[in-house]
Amino acid sequence: MQRMETGLRTETITVNMGPQHPSTHGVFRMIVTLDGETIVDLEPVMGYLHRCQEKIGERNTYLQNIPYTDRLDYICSMSNNMAYVMAVEKLAQIEVPERAEYIRIIMVELTRIVNHMLAIGALLNDLGCFFTPMLYGLRERERILDLFEMASGSRMMCNYMRFGGVRYDLPPSFMAELKSVVAALPAFIDEFERLLTENEIVLVRCRGVGVLPPEKAIAYSCTGPLLRASGVDYDIRKVDSYSIYERFDFDVPLGRNGDVYDRYLVRIGEMRQSLRILEQAIEGIPEGEISVKLPRVFKPPEGDVYHRIESPKGELGFYLVSDGSTNPYRYKIRSPTFINLTVLPELCKGHKVADVVAILGSIDIVLGEVDR
Amino acid sequence: MSKEIYERLAKEFPESSLDYLEGKDPAISVNADDLFEMALHLKEKEGYDYLSAVTGVDYPDRFEVVYHLYSMRERKEPLILKVSASKEEPEVASVTPIWPGANFQEREVYDLVGIRFAGHPKLTRILLWEGYEGHPLRKDFPIEGHRAIGQEEPS
Amino acid sequence: MAFLNDLFVNLSKWLSSFLAQFLPTWAVELIMMLLTIVSLIIFVLVTIMFINWLERKTVGRFQDRYGPNRVGPLGILQFVADAIKMFTKEDITPANADRAIFNLAPVIVVVPTFLVLAVLPFGRGMVAADLNIGFLYIVAVSSLTTIAILLAGWGSRNKYSLLGGMRVVAQMISYEVPMVLSALGVIMLTGSLSLVSIVEGQSRVPFILLQPLGFLIYFISAVAEVNRAPFDLPEAESEIIAGYHTEYSGMKYAMFLLAEYINAFIVSSIAATLFLGGWQGPLLPPYLWFILKAYGIYFLLMWLRFTLPRLRIDQLMGLAWKFLVPLALVNLLVMGLVMTLTQGRGLITLVLASLVANGLIVAAVVTIYGFAKWRRKTMRVAT
Amino acid sequence: MLGLGILKGLSVTLRHLVDTYLSDLRRFPRRYAPQGRARRLHPTERGIFTVQYPEERLEMFPRFRGALMQLVNPETAIPKCTGCGICARSCPVGVIEVVRAEEKRGGQYVPQSYTWDLSSCLFCGLCVESCPFGALHHTPEYELSSYGRKMGELIYDLDRLLAWGQEYAPDGVPPVEKEK
């Protein structure tokens, strides 16, 4: 406005942020129109990592899809496993033994901690912290990944869950290791908070940036920490109380303003709540069977089901259509971050270039899941 | 639960041919012409404020778009809408004006299944590049693709 | 001990008297000057190698890892490996770049850094040129860097570079103001712009005790002046790739890197000179004291860099103009008052009075800040 | 407010810096301890966390899904594999190729050839899971990179897999089953 009064002719410039850019968390592109440093318009472009997993899923048998779900959101393979496996169990009406349910919940909640550590670390990297919070997060993540490796044989691509249970029982030393990790994690989260929560630069960079009002968050189908930071109390673990979540006592951290800082706080809060669930799960885990016996050639009955879980990034759902054969007729992945990205242009308009990366970091995308 | 909504909807829209589909997840089959009105009604009157997923399925005789609706504020039971589209000219009304969150999902369905959404603000390919031939999630699309990348290399 | 203390001074005296035996005076002067320049350049090159290694080792330690440890013992030869890599890299000039400007910028950017070294007193009598306007000279010369970086940003014909270049101009010009204002306090205390007299003026007490606020303002603006985190916006990796040197590779990139590290070291040296008493110190030889103090400040720079995220451009400007400049002015005013009031009452009175005055300023800032916060809260409730 | 949060943050990073030196001192004079990993990964351990790879190697868990191996029946010295091809069919990407030999050996079918193409293997372990004879297992082998993609480089044949079987499970019992 002021510029027009001075009579200077100004032009907007269009910048391609990505696909090769340090803070797009992979190959993601934003076509940004800038007026000076202010964002006038932003258009996300994706698909650089597209593998058409849904088509591959139709080619594979039901069991063969499990390792592919690992590679959706490659940070949280356990929760992807769980969503898919539960969808198939719903389709074929398989009962899961209690011990397996507990094992699954332990793994999924550990995954949530892993994911939030990385999300916060990456967010701080985008804000310009020279990798320090990121590496602190990675260090704790490593301890959890060791637990995954101990149980499933792989750190990231766990491929651990099976229809009607899990692949292996927990190894003998697992519970002891888990207990010591869970006991040590609160101190780490406290340290993380000391490093970041009150840091003035973090505050000025995050507060009031990328504000997402609750009505808009719902309208844009946002889920996960992004939604809850806007103050909408919607956690599928509570709403659907799938698996055995109704047995655990935990809170849903909510934000007030829906800005980047609240998303950070919600993630920190969720890590603490996950630890609470883990403690209860460690207490309550029973002995017993870890899976049900299924026929070698697994053919679920005809029909279609949709099952969703609260993955660390939001609502992860699988829509399966079965025609009674060994392969799914349709295998659809409702990935949380792909849909959360819908709101990105709305969040970014009017902010500065530096805020775009912060907002993108706070949405916490993984391109494996966005592009599938 | 879905049954009740089905009955209320049938009362509200007497002309349209609604159908109640039993199944593991009960669904309501909606006529493609009435989709927009009905979606608006569901959002405004029934409180289904959250559109979780939009899926396109290629059945042998028809295309089907499946909408998974939830209510975040009132926490109602989920509602599933199914809309059929013809094999030749699949087109369904876009619900992006009602739920903006459908934007990318409808683009994805258009991209991968090839169902057009009338009234979508920007219906272009989203995951594949502009100029790509065909829609991969159609059953007649060969698994190895129309044209393999790097085929000239000796395998 | 005395021998060690004046090692380099004696060396140069001995050399010049040796040369004077068979050369005319002007030739001796010329040779001595050339020798000084050469030794400064060698010092710079050794420093950058060491600093580069030190920085990478320190960041490793900050992040619970070892840092480079593959090349040579403790990874000390890492810089050599990096240098070989950089020298052998392809030198790319973008097709649409403004060639002249693009090639000129890396040359210009290192010039001011070398020029500044001329007036730095490394030890007693160890200064290449004791200008009586030393500090003014530093301020004048180091602002040349702005031009060089703007040239780089403009000449690359890259949008990220351009953004980086624009940020540099805004940032460096803004932060020069509080930097000079904070140093003015020191100059008031000594009554001289010459760095040598400033150091000598601190023979009894380093100025940081008289001007803790001045030091703080100087330190913050110096960090911003050399574009280091948390003020590294011109090359903010996560936002604009590498800012003004996005398009540079090989040797030219190495020049920018060199300028950046040396600038950071020079800024720490100036801080050590102005506020920490330069080469003054007990027991150790003066030049060692100087190096120690400079590295001490440099450690602070690294510590900040590896802990803090960076500010946004508008917040950065706000910090300079809305906070640092007024604070520096107030500091200057209060220092003047204190100096006038305590004139002739001895050093201890001066130190105590300055500390009290600084404390009062901080208290005032806290009060105003708290009041503004309270006000904002009540206003929000009212609306 | 006013920089206190920044100071708090600075104290955290400084503590990490100091801790790394303290942990070094405690391990003095050894920098790279082969068994250092167990201590380092201990949740309360502070200080240097990274594993210095060529000097220190991680000991793999028994379940680690590394390269495949074929086991031999220790009594008859015949491969346990019967060349049935279930592993090949269970593989989502089809990296296993099995050809069953015409003639039986020692009363059982044996594979004539068995190739495993590492280059597109997911290491998902579905082949191992599906093997009805317990012939196929994972080794803790993870250094599998090579300069080529030919046979013996990224494609392994039966002999190689059997050799690994001899190395990691000479008694015919894979590491996973020895876990307890």
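A, B, C and D label the chains in the order they appear, each numbered from 1.
The criterion applied here is as follows: a contact is a pair of C-beta atoms (placed from the backbone, for glycine too) under 8 Å apart; a residue touches a chain by one contact, two chains touch by 3 or more.
These figures come from a predicted structure and were not determined experimentally.
Among the other chains, the CA centroid farthest from that of chain B is the one of C. In terms of C-beta pairs in contact, A-C outnumbers the other of A-C and C-D. For the pair chain A and chain C, the distance between mean C-alpha positions equals 43 Å. For this pair, chain C with chain D, the centres built from the Cα atoms lie 51 Å apart. Distance between chain B and chain C, defined via averaged C-alpha coordinates, is recorded as 61 Å. Distance between chain A and chain D, defined via averaged C-alpha coordinates, is recorded as 27 Å. Annotation for chain A: residues touching 2 or more other chains are 132, 136, 139, 195, 199, 201-202.
Contacts with at least two other chains are made by residues 1-2, 6, 9, 12-13, 16, 49 of chain D.
In chain B, no residue reaches two or more other chains under the touch definition.
Chains touching one another form the pairs A-B, A-C, A-D, C-D. The touching residues of chain D, counted against chain C in their complex, run 1-2, 6, 9-10, 12-14, 16-17, 19-21, 46-50, 52.
Of all the residues in chain A, the ones that touch chain B in their complex are 46-47, 50, 52, 54-55, 58-59, 90-91, 218-222, 232, 234, 239, 303-306, 308, 315, 317, 319, 321, 329-330, 332, 334, 338-339, 341-343, 371-372. In the complex of the two chains, the chain C residues touching chain D come out as 58, 61-66, 69, 303-304, 306-308, 365-366, 369, 373.
Of all residues in chain C, only 59, 62-65, 159-160, 163, 229-230, 232-233, 236-241, 305-315 touch chain A in the complex they form. Contacts from chain B toward chain A in the complex involve residues 23-25, 49-53, 55, 57-58, 66, 68, 72-73, 75, 78, 80, 99-105, 108, 112, 125-129, 136-137, 141, 143.
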